[in-house]
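Labels run A, B and C following the written order; every chain starts at residue 1.
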Amino acid sequence: MNNDTLIPLIGVVTDIRQDTPDVKTFRVNALEGGKVFEHMPGQCAMLSIPGVGEGMFSITSSPTNKEFMEFSIKKCGCLTTWLHQMEVGQQITIRGPYGNYFPVETELKGKDLLFIAGGIGLAPLRSVINYVRDNRSNYGEVQIVYGSRSKDDLVDYQEIISEWQADPNIEVNLTIDNPQEGWDGHVGFVPNYVKELNPSTNKTVLVCGPPIMIKFTLAGLKELGFTETQVYTTMELRMKCGVGKCGRCNIGNKYVCKDGPVFRFDQLGELPDEY
Amino acid sequence: MLKISADRLNDLFNRIASEQTLYIPVDREPNTAEYRKYEDGMKLSESLNTVRSAKDFFFPQTENLAEFKVEGKNIEIKDIREESGDFVVFGVRACDARSFSILDKVFLSEPVDSFYKNRREHGTIITMACTRPSETCFCTAFGIDPTAPEGDVAVFADGENYFFLDRTEKGKKFIESVADMLEDGDTSKLEEVKEKTREIMKKLPLAGLGTDSFGGDKLNELFNSPKWAELSESCLGCGTCTFVCPTCQCYDIRDFNTGNGIRRFRCWDSCMYSDFTKMAHGNPRLSQLERFRQRFMHKLVYFPANNDGEFGCVGCGRCLSRCPVSLNIVKVMKTLEVKE
Amino acid sequence: MQEAMIKRAVQLLADGTVNRVMGWKRGEFVYDITPAVFTTAEELEKDFVCDDFTQANLSKYLVKESRKEGKILAFLKPCDTYSFNQLVKEHRIIRENVYVIGIPGGPKLDIEKIKAKGITGILSVENENYTLKIETIYGTETMPFSEAVSGKCSGCKSKKHVAYDELIGDDGEVLDSNRFDMVAKLENMTSQERFDFWRGELSKCIRCNACRNVCPACTCENCVFDNPKSGIDQKAAADSFEEKMFHIIRAFHVAGRCTDCGECSRVCPQNIPLHLLNRKFIKDINELYGEYQAGADTTSRAPLNNYNADDCEPSVVHERGVE
C-alpha cells in the first residue's frame, strides 16, 4: 500500500530552548539527521507523543534553514504540557507539511512588508521573517512590530536582539503591555503602537496574535488607510487529520488545515464568522 | 437482461459467499435490518433499508491506523495496514449507492485516504431498486432515481425474479463470474414494477421537497438566518443523525493504550458534539445552535460549494426516523426555504 | 385534551403567570414530534400538539429553561413529574421558575412498533376505540392499539403526578407494574447466559450518546466521557470491553437517581433495552435498602447517599455474585 498521510514519521528533539516562562522552542531532526521534510513559511506539522495526543503546530523555522525544523510551543493544554516536559533526545512523531503558506514567492515578492505579531503569534511569522532575511533582495522595506505581555514573554528575544535588531535592513519595533524594570522600550498594546508608528499604506501586512489583538489591529490598519486585500493572517482551529477530511476546522466551504492556515482578510470576510 | 428466479436467490448467495465475503441486509427484528456476513440460509431482509447505512463497509466506525512502541525516549511505528479481502455488498439502495460517490469526493481526493481506498477497491456494490418507498424517502430531491440505482451491479426485482444489470467494469466481471447461474429473462413485468414505483414516488409526502433555496452561493444568507435558534432549540446534541447518516464522514483520531503499546485509531465523530471543535484555549462553536447549523450548512451549502453543486444528502430518511426528538434535514430545509 | 391544554396555556400567557410554554410540536408526519417552546397564543394554536405520539419527556429541557428570564409553563405526564422532582431535588431545575400542569399519561404509541408490522408509507394514524386505522400510500391498515404501545409505557410504574401546580384531567395511582420481570429473568440466567445477552445487545451500540443526552439523570455540565482530563473520554469503543464500559458506568452514575422514565430505550436507534440496566439497579436498591422510587419526592435522602446502621454490608455484592 502507498504511504498514508495519517501515518506519521519519527523525529527527534535535538535542542530545547526556554523562550519565555510558558514557551519553549523545540528543534526537530530526522533520525538520520537533517530535516524530516521540507516546508514553506506558514505551513504546519502534526506533532504527537503516542498515547498523549496529536496536535497541529506552526513550523517556526525558515525553509532556508537546511539543518533542522523548529517549533515554538506555548504550554496550554494536555499535549503541550507533555511536550514541555520533554528532554533532548526524545523522539516524537511528525507528519506534514500541511496547509498553504504565505505567498513569499508570488504576491509578497518585491513588496514592502510589515509584520505585526503578539505573544506566541510570532511563531508562524518568524518563519517568514527569516525567509525574507535570507532572500533579502527579493523584498522591499521590512518592518516588524512585536509585542507581548512583558519583556520575558517576548518569544525568541535573543534572536530578535542579536540578529533582527542588528540587521540594518530591518526596522524592529518592540512593545510590552505594562512598564517593567529593565525595559526602556515602548510600552502599550500592539494595535495602538501600530497606529502610533503610522506605517506607510503601501506595505503588505502579515499579522498574527491573539484574536482580540488581530481584531483591533485590523481596525487600526483600516483607520490608517490599509485595505483588507493588503493584510494576511494565519489561523488556528482544532485539527485531527490535517488534510481537510476529518471536518473539525471547517469554516464555510474552507478547511483551515488545507485551504489555510494563511488567509487574506478579504477572503476571511467571505466566510461565516465562526473562528 | 440476465435473471435468477427468486427461489434460487440463496443458491446465488451461497455461490458468491464461497468465493468472497458477502454481506446482505438481514432483519434483526421486524423492520430493523442490518448488514450481516452471509451464512447459508440467511434471509434477505424485506425492509426498505438498514438502520445503519452502508458507509460502514468503507468507513467503519473504528479502524486502527498504526501502532507505536514507546520505550524510554524512543518510538517505533508499526504500519498495521493489511490489504482488504474481496467482498460483495448486496442489496444497497439507490440513496446509499449515491452516498459512496459523495464519500469518494472526500476520501479519494488528494491526499487519498489509503484505508478507504483499499476497501473501496476490494468491494463490489450490488444495489437493489426500490419498489416500496416509505414516507420518509426524498432521494428524488437530490436527483436520485430509486428505480435505477447506481453501484457496480444493479438488481431489479419483479416479484418472481431478480434481474442483474452491470454498471461498471467490476460489475461486469461479477456477472460473468456467476453467469452460469443466471438466464435470460423477459423484463416486461419489470417495467411495470418500475412505473408503479415512480408513480408512488410522486405521491410521497416529501415528493415536493425542493433544493432551490440551498447551494454554495447561499452561504451568508443561510448562515445568518435567525431561524437556526428555533430549529436547534430541542436538539439533544447527540450523534444519532450523524452516525446513521450515509454521508457524514467526520472523524476523530485517538490513541489507546493496549497495555502492550499504543494503538492509534480513527473513529466516527460528530459535529453535533460539544467537544468537536474544543481547543485548549476556547471553542469557536460554543452552543448547540452553532453545532446544529454546521451539520446542515455542511450538507446543503459548504459541500455543494466545493463539489459542483452536489448536495451532501441523499434523502435516505434515516435522520427522519432515528432522531430522538424528530429533528432532521427535511425540517431544516422546509423552515429555511425561501418560498417564491 | 389538547384543546383544553392550549386554552389553559393561552390564559396563563395572557395573565402573565408564565411567559413561555413547553410542549410538543408536530413536523411532517403523525409521529414526527419535537419538544418545543411556545411564546404566543398564535404559536400554540397553530402548532401545539398532545396526542398518542407525544412521548418525549420534557423535564430535562427545564434545566435550561428554568434558568431563563421569567416563568415557563410545562405540561408533564405522570412519569415526567418523577424526572422533574428528581431534578428539583438535585438543584438542577429551579422550581419557582416553572409552572407545572400535570396531564394524563399514556399509553403512548411507538411508530417503530407499527412499522415492525411491515406497515410503511404511513400518512396518518387514527385511534378508533383502541384499533389503529393507519392510512398509507399502499392502502389502509389496521392493528390493535395495544400492540403499538411504546415500551416505556407498557411497564408503566405510576399514573400519579408527584409534582404539579395544577392538573388537567384526573390524577391516578402508583401502579403495581410488572416492570422487573425481565430483570428477574436475567438474574436467573447463568452468568455466561447473561454475559451473552448483554454482549449481544451492547455490541449493537454505535455510541451516538442519544441515551445519555436524553437522560434526565445525566445533566453533568461536562460528562466524564467527554472530558479529556477524565482519562476515560471516548468517542467510540476501542475494543469490546469499552463498548460495555460506557453503558455500565452510565448505569452506575444514575443509580439511585434514575426514575425509570424509559427515555434511554425509547431513543436508542439500535433498540438496545438499556432501561434494563437501570431497572436492575432499582430492583437491587429496593431489595437491599428498602423500597425507593427516585423522584417520588424532593426531600428524602437517596439510599446510596444515606447511611443507616442496618445497611447491607458491601460484601453482599460478592456473595450474590457467587453461582
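In this section, contacts are C-beta pairs under 8 Å (C-beta built on N, C-alpha and C of every residue); 3 or more make two chains touch, one makes a residue touch a chain.
All figures in this text were calculated on a predicted structure; none of them were measured in a lab.
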Per CA centroids, the chain at the heart of the structure shown is B
Per mean C-alpha coordinates, the chain lying farthest from chain B is A
Taking each chain's mean CA coordinate, chain A and chain B are separated, in whole Å, by 40
Per the C-alpha means, the centres of chain B and chain C lie apart by a whole-Å value of 30
Distance between the CA centroids of chain A and chain C (whole Å) is 51
Residues of chain C that touch two or more other chains sit at 228
Among chain A residues, those touching two or more other chains are 78
For chain B, residue numbers touching 2 or more other chains are 252, 269
Contacts from chain B onto chain A in the complex sit at residues 65-66, 68, 70, 73-77, 79, 81, 83, 106-107, 109, 111-115, 118, 216, 219-220, 223-224, 249-253, 255, 257, 262, 264, 266, 269, 271, 276-281, 284-285, 290, 294, 297-298, 301-302, 305-306
In their shared complex, chain B is touched by residues of chain A numbered 1-10, 50-54, 76-78, 80, 87, 89-93, 236-238, 240-241, 243-253, 270, 272, 274-275
In their shared complex, chain B is touched by residues of chain C numbered 27-29, 31-37, 56, 61, 111-112, 115-118, 120-123, 136-138, 206-210, 212-214, 226, 228, 234-239, 263, 266-267, 269-271
Contacts from chain B onto chain C in the complex sit at residues 29-32, 46, 48, 51-52, 61-62, 132-136, 200, 203-206, 233-234, 236-240, 242-244, 252, 254, 256, 263, 265, 267-270, 273-275, 320-322, 324-328, 330-331, 334
